[in-house]
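Before I ask anything, here is the structure I am working with.
As written, the chain order gives the labels A, B, C, D and E, with residue 1 at the start of each chain.
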Amino acid sequence: MLKIKNIHAAYGNIKAVKGIDIDVPSGKIVALLGSNGAGKTTTLKAISGLMPLEKGAIELDEVPIHSMAPEKIAGLGIVQSPEGRQIFTSLTVEENLKVGAFTEKSREAVDMRMKSIFGYFPRLEERRKQIAGTLSGGEQQMLAIGRALMANPKVLLLDEPSLGLAPLIVKDIFQIVKRLNDEGVTILIVEQNALQTLKIADYAYVMETGKIILEGAGKDLLQDEKVIEAYLGGNR
Amino acid sequence: MMNSVLKVENLSISFGGLKAVDDLSFEIGDKMIYGLIGPNGAGKTTVFNCITKFYTPNSGKVTFKTNTGEQINLLEHSVHQIINYGLARTFQNVELINDLSIIDNLLIGAHSQYKTSALQQAFLTPRARREEKEHRGRAMDILNQLGLADKANEIAGSQPYGVLKNVELARTLMSRPKLIIIDEPAAGLNETETEALAEMIKKIRDYYHCAVLMVEHDMGLVMSTCERICAINFGKKLAEGTPDEIKQNKEVQEAYLGKDDDDAEN
Amino acid sequence: FTGCGSQETPAASSGSSSSSSAGETSAEAPAEETAQGVTDDKILIGNSAATSGAFAPIGLPFIHGIESYLAYVNEGGGVDGRQIEFLHYDDEFDPALTSQYLEKLIYEDEVFAIVGHFGSPCIAATLPDLEDSGIPAVYFAGGVADLYSTDDPDRNIYPVQPIYPYEGKIMAAYAVSYFDAKTVGIIYTNNEAGLNTYEGIKEQLAEYPDIQVVAEESVSPGLTDATAQVLKVKEANPDVLVIPSLSAELAPVIKTMEQQGLTDVPIVTTYSNVSSVFVDSNYNEAPNTMDNLYGLGWVDLEGNPAVWDEFTKYMTELGYEDELNAYSATGWIAGNFFSEGVRRVAESGEVLTWENYMNALEDAPISNPFGGSIDFSDGMRTGTQQMVLSRVDVNSPSKWTAVSGFNGVDDLK
Amino acid sequence: MSILNKKQIQYIIFGVIAVLLPILTQAKGSTITLLASIGITAIATLGFNVLLGFSGQISLGHGAFMGLGAYISAYFVSQMELPFFLSLALAAIIPFLVGFILGLIALRLEGHYLAIATLGFAVVIEEIFAELSEFTGGWSGTKTTYPIIFGHKFDKLSVYILIIIILVILMILTYNFMKSATGRALVAMKKSEHAAQAMGVSLFKYKLLAFSISTMYAGIAGSLYIHFFRFAEPKLWGITLSLDLLAAAVIGGLGTIGGAVVGVAFLKVLPTVLQMLPVFGDFDGLAFVLTGVAIVVFVMFYPRGLINIPNDLYHKFFKRKRAENEEVKA
Amino acid sequence: MDLFLQNIVGGLQSASMYGLAALGLVLIYKTTGVINFAQGELGMFNAFVAAWLYANNVPLVIAVLLTLIIAGIVGFLIEWGVMRHAVKIDPLGKMIMTMGFVMIAQGLAPMFFGNNPLYFPKLLQGDPINIGGVSILPNTILIIAITLGIMAALFYVLQKSKWGLAIRVTAENIQTAKLMGVPTKYVSIAVWTLGTALGALAATMVAPLTTVSVTMMADIHLKSFISAVLGGFATFYGPVVGAFIIGILNNLIGFYISSKWATAILYVFILIVLIFKPTGIFGKKHIKKV
């Protein structure tokens, strides 16, 4: 479904992504793992069109999207919950969610989705009128994820969704991801919590300093303790 | 009565109708690593903000033992004075000055230590030079300690998140604190990095002789570093005790940790 | 610090490029050389004036008026066989720039005279420099009080336009004598021009024992609404209202007057507003008030149709037919005053030096092509002192008709 | 080589060139006037840069402080017959104090709110300048002479040299100041008030400091203005001047010392040069329009300021080589 | 009492124009963070367009409509031709760019339309209506109605509609807004177009009160900026209320205290208000949680 072909991207002189290929098949969960500064976020930005490519191509269903404007890409159903939450701090919780569904024309659909998101995160419903900037860190994270879900994405890009969430909610998040996937949403997830992620991922890529150094089915990687210790910073 | 560096008594604050912190009391001993945990929105960051006077609580008392051994009520002082008494903090969302170098960011942390006036600094008097040199040296020492020395002259904005978190930690040390309070230091770090962080926190405590108050959701880190933990929910204290006591606490499990069953990794 | 010494002593009587011409014009007296900026076939003059930004609508027509007059002179063979060349810099109404360009004109371009120095603050800022340099400066487009002097025969400053305080006096004199007023109201703009004229008005009114000033209101530059001021005046109900404001402030004031029904009091305003453009652009919005609008004039554009035709012809020839207004007419006058001095020098067969030129200016009163005359003799540097009173008249081509002759303050007593 | 890399030395070299160049090339008086005008405005812009570039606050009232300095200086020299340097000092100190008091009131405000508050102050001050005619000459303006220093009567060139000397001194002091702990505190405050506060920076104190310092620079610039141009009137110190300072600071390069000079030079030289050009100069008003276009274009392509042009060029030309070298090493 | 009311009514007319201009200013500010210094001068330029059309026998209403369209195009061109490409430039830099536009508009207007002030009539002719001793022009009523109408429309759009949300998120975080599928390009084009048209509308209403000239908008522009600050940039009614306060107070101070010191007193008043309400009367402090 989503194909990333040999992309390069840089911030000025700093080459953040140096030629990577990623394949996100329809209906699967693909994980992108790797240590700090590996270039994961940059890759997601590139997919969403926020980061111009120096080289390479990104295709959705064989159609190149890498030269499209970010809002067009979002319109195609590729939606991101970005790193650092990036919620609209001066808007209320409810308004933030509504922006998430900007491309949706039908009001009923928006209301329905909002209801289901309140189902996932009851805290957000309690705080629907609160100015988002005053939410606690974790609450903001829930809002960022909720906002992405409001778009009813075909492909959901999650950048460290569990960041700042309490252990109980982290568990919830992975369950939600699994459930969305069951409902047919294709998911590309970036996480530090490698073990949890590999448990739900169909396939995973590991990045280091801008390159893919390892890939494989989630289960296979999970079994390979050496890999986990060496590249994923996990140990049992 | 233990020898405490910070004593929070009956702290309360509400926003509109919401009681974010509700009659909370706890106490941190000298050179202790203390954990504050609780579900999202429990009020942890708010507690930090009250202690450092970013918020003014509705009621309560925060007693701090300063560098000179004096006992003061922090609530009677204003934000920028807090650090002078030996209490430094980090932020949940990293707050560094992105277009300055890392060492300059550290020097901002030493701001309260400068004794020369703006005029002396403008005229580069010997005293001002000496002072600048001394603090610069100290900043390099700290960066060395934390393994960041090679990045000293990098611009903060171009560094990955993990590095920035450490720089923020380093910055607190510039003020020769008695207590540093850190908000979610491990967020965004992977397990190896988190372990390194745990070591670093312990090292900071031992090397710089300061107590640490930490909010963190990574239970691995909390349980392995903290000597005592306070768990809160809805602004109220649920339980306080050693890591083991907290782990076993039914209420804490229910509200925060989740049941142990599927937590094979722990 | 010696680097600038040479610049500080201008060649008052020696022009670098003009030695040969001296030999020609007065072979008997080779000691006397023409002044700077003068050659056999050319006289270079110049000025600095704002021709961009907010003052362009005044500066540009003014400059174009000068150019038209010089085109007229030059087409007729110039003065004494010399074409007059005109150099102009845009100082954007910034005195610092004026100062810079003035130096350039005097010491680098080495013009013979400064003609039509423009804008009150710019004039005020550079007047000392002008006086120091000794260069003849003819015509000032601005009425700063410093231009006025009656006792300095050596002064190289020759103002032509009315000077604010003096115009204020004439305004007051007309207000009292022509309208037979007992009570007077004043609305003035709170800026240099307005305040200086206002002071002249007050000074003159103080000379009449039984005249009462019943309202003194001030408007700020750029206003759009003068309700407070107009209502105050309306309450005071004066016999005549004096408004020494330029068009930008006069327009909103009379329109507010129309709105507030204060339409029957006669208004006396400054000469700057006495133009067809002012009537054209405002009459429809305040017909009743403007029927009672009087303005001073120091020229009578229609009084001398031959001059008007000439003026129109050259303006049109240069492509400025849209700018046949008071500002361009003053440019024409500036050109005329300057040339008159040169003509006189030529007629008397003298060498064109600063000294001779200035003596020629002071020799006899110089008449304004559009009426009136100015006397520079005996140190009189007063600008125009006789003015006519006109009234708005939408049926006349210039939209104003004169209702009095040229009068000075003393004539009106 | 390394000594040339020291900014302070660079500023002194700049000053020496600024003084020597017109003397050696026997530049004309109008060039000196232009250069002096640049120098004077650069001093005020330098101060403005401390405020905006380093501490992030906008003022639209700094023109008024320049006026204050000018009138004070003229008054003390001409009316009270105080020595020039004493008047200059007063023209620095009094605006500093007035800035301090205004700052006490206005610094609760941020962004445009502060801009308007300072603008309001400027309007009120202008009104007062116009009214206090004993002190300022009212709308007709006030005049003074070239300064007399230790019995030596200055002329145009020597005042110009004085202006450059003061400018260079202030550049060096500003540089030192900005690199010091206080300077860092200002930058920290601009970027993150929270972080700055937590590090012990009193927002109030440092905002006030930046504000008063910048008004002091404006006062000095005003004093030099009136002793160079020898005339001042109330309209000079209005919003146009304040906006010019703002524009110069941004165009030159916010938060840089050299940028203040470069920005002012750009704004002052451009119209003059455009007017001297053949076609542009002949078309009335075209130079003005083109100055506007140039501002748009330069800000667009050099948003970080013209001061960075040499640096960028350097990188363009030498960058490739360096990259190649590194490749070889690797 | 009549005089009191008359002063107030007199102030309403100018106030409406400050208000209209302020709405354009705030609209652009809210979306792009840019204070458009050229708002007034672009209005001035467009007033010349209107006057030129009118002088060439285009019927008044059509002349105004055409002018608004042309103003819209000018706004569009500024966004599309310049501002759009200035993505990396912070709002302050963009503000300076708009100062460049001021010079361009001021320089071009006399080149295109000549140096003379031009005439432009009121939209509604007609004698003053007398209501309880207070006289008011029909045109004044129209101007006030237009201002309030536009204010209400903007308020509705901004607070209640999806596009209002789009405007607000574009203002706050353009990158993330794009991520959410908000067509930020159209949003900025729309506000520049609309904002410039509002400035032009204000200018065509100012024209009959003064004349169409290069300086006609200088004071209005300044006052509109001050109105926005006084009322606060946070809402759309704030600036309009601010404008009315300024318009009315200016007259009351002028009448009851001193016309000479009116401006100075007004500014002192505004200064005092700002000290107590540092973000304007209806302003909200932007909360950033630590």
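Everything that follows uses one rule, which is that a residue touches a chain if its C-beta (ideal position, glycine included) is under 8 Å from a C-beta of that chain, and two chains touch if they have at least 3 such contacts.
Going by UniProt, the chains are A, B = ABC transporter ATP-binding protein; D, E = Branched-chain amino acid ABC transporter permease.
This is a predicted model, so every value here is computed, not measured.
Q: Counting one step per pair of touching chains, how few steps separate chain B from chain C?
A: Between chain B and chain C, the shortest chain-hopping route counts 2.
Q: What is the minimum number of touch steps required to go from chain B to chain D?
A: So the least number of steps between the two chains is 1.
Q: C-E versus C-D: which has more C-beta pairs touching?
A: Ranking C-D and C-E by C-beta contacts puts C-E first.
Q: Going by C-alpha centroids, which chain is farthest from chain A? Tell me that one.
A: C
Q: Averaging only over C-alpha atoms, locate the centres of chain C and chain E and give their separation in whole Å.
A: Each chain reduced to its C-alpha mean, chain C and chain E end up 37 Å apart.
Q: Compute the distance, rounded to whole Å, between the mean C-alpha positions of chain A and chain D.
A: Between these chains, centre-to-centre, one finds 49 Å.
Q: Return the distance between the CA-based centres of chain D and chain E, expressed in whole Å.
A: Computed from C-alpha means, the inter-chain centre distance equals 31 Å.
Q: On a C-alpha centroid basis, what's the spacing between chain A and chain E, in Å?
A: Going by mean C-alpha positions, chain A sits 43 Å from chain E.
Q: Would you give the residues of chain C that are in contact with at least 2 other chains, written as numbers and ranges?
A: Chain C, residues with two or more chain partners: 52-53, 56, 60, 190.
Q: In chain B, which residues are in touch with two or more of the other chains?
A: 45, 54, 91-93, 95
Q: What residues in chain A touch two or more of the other chains?
A: 134-135
Q: Show me the residue ranges of chain A that touch chain E in the complex, using the header's touch definition.
A: 48-50, 69-71, 74-75, 79-80, 82, 86-91, 95, 98-100, 102-103, 131, 133-135, 147, 151
Q: In the complex of these two chains, what residues of chain A are touching chain B?
A: Touch list, chain A to chain B: 11, 14, 35-37, 83-84, 123, 134-139, 141-142, 160, 163-171, 192-195, 232-236.
Q: Please name which positions on chain C make contact with chain E in the complex.
A: 52-54, 56-58, 60-61, 190, 217-225, 227-229, 231-232, 235, 247-248, 251-252, 255-256, 259-261, 277-278, 280-282, 284-285, 322-323, 325
Q: List the residues on chain C that touch chain D in their complex, please.
A: Its residues touching chain D are 1, 3-5, 7-8, 51-53, 56, 60, 63, 89-90, 92, 95-97, 99-101, 103-104, 107-108, 121, 124-126, 128, 144-146, 190-192, 195-196.
Q: Please output the residues of chain E touching chain D within their complex, sorted ascending.
A: 35, 37, 82, 85-86, 88-90, 92-97, 99-104, 106-108, 110-111, 222, 225-226, 228-230, 233, 261, 263-264, 267-268, 270-271, 274-275, 278-280, 283, 288, 290
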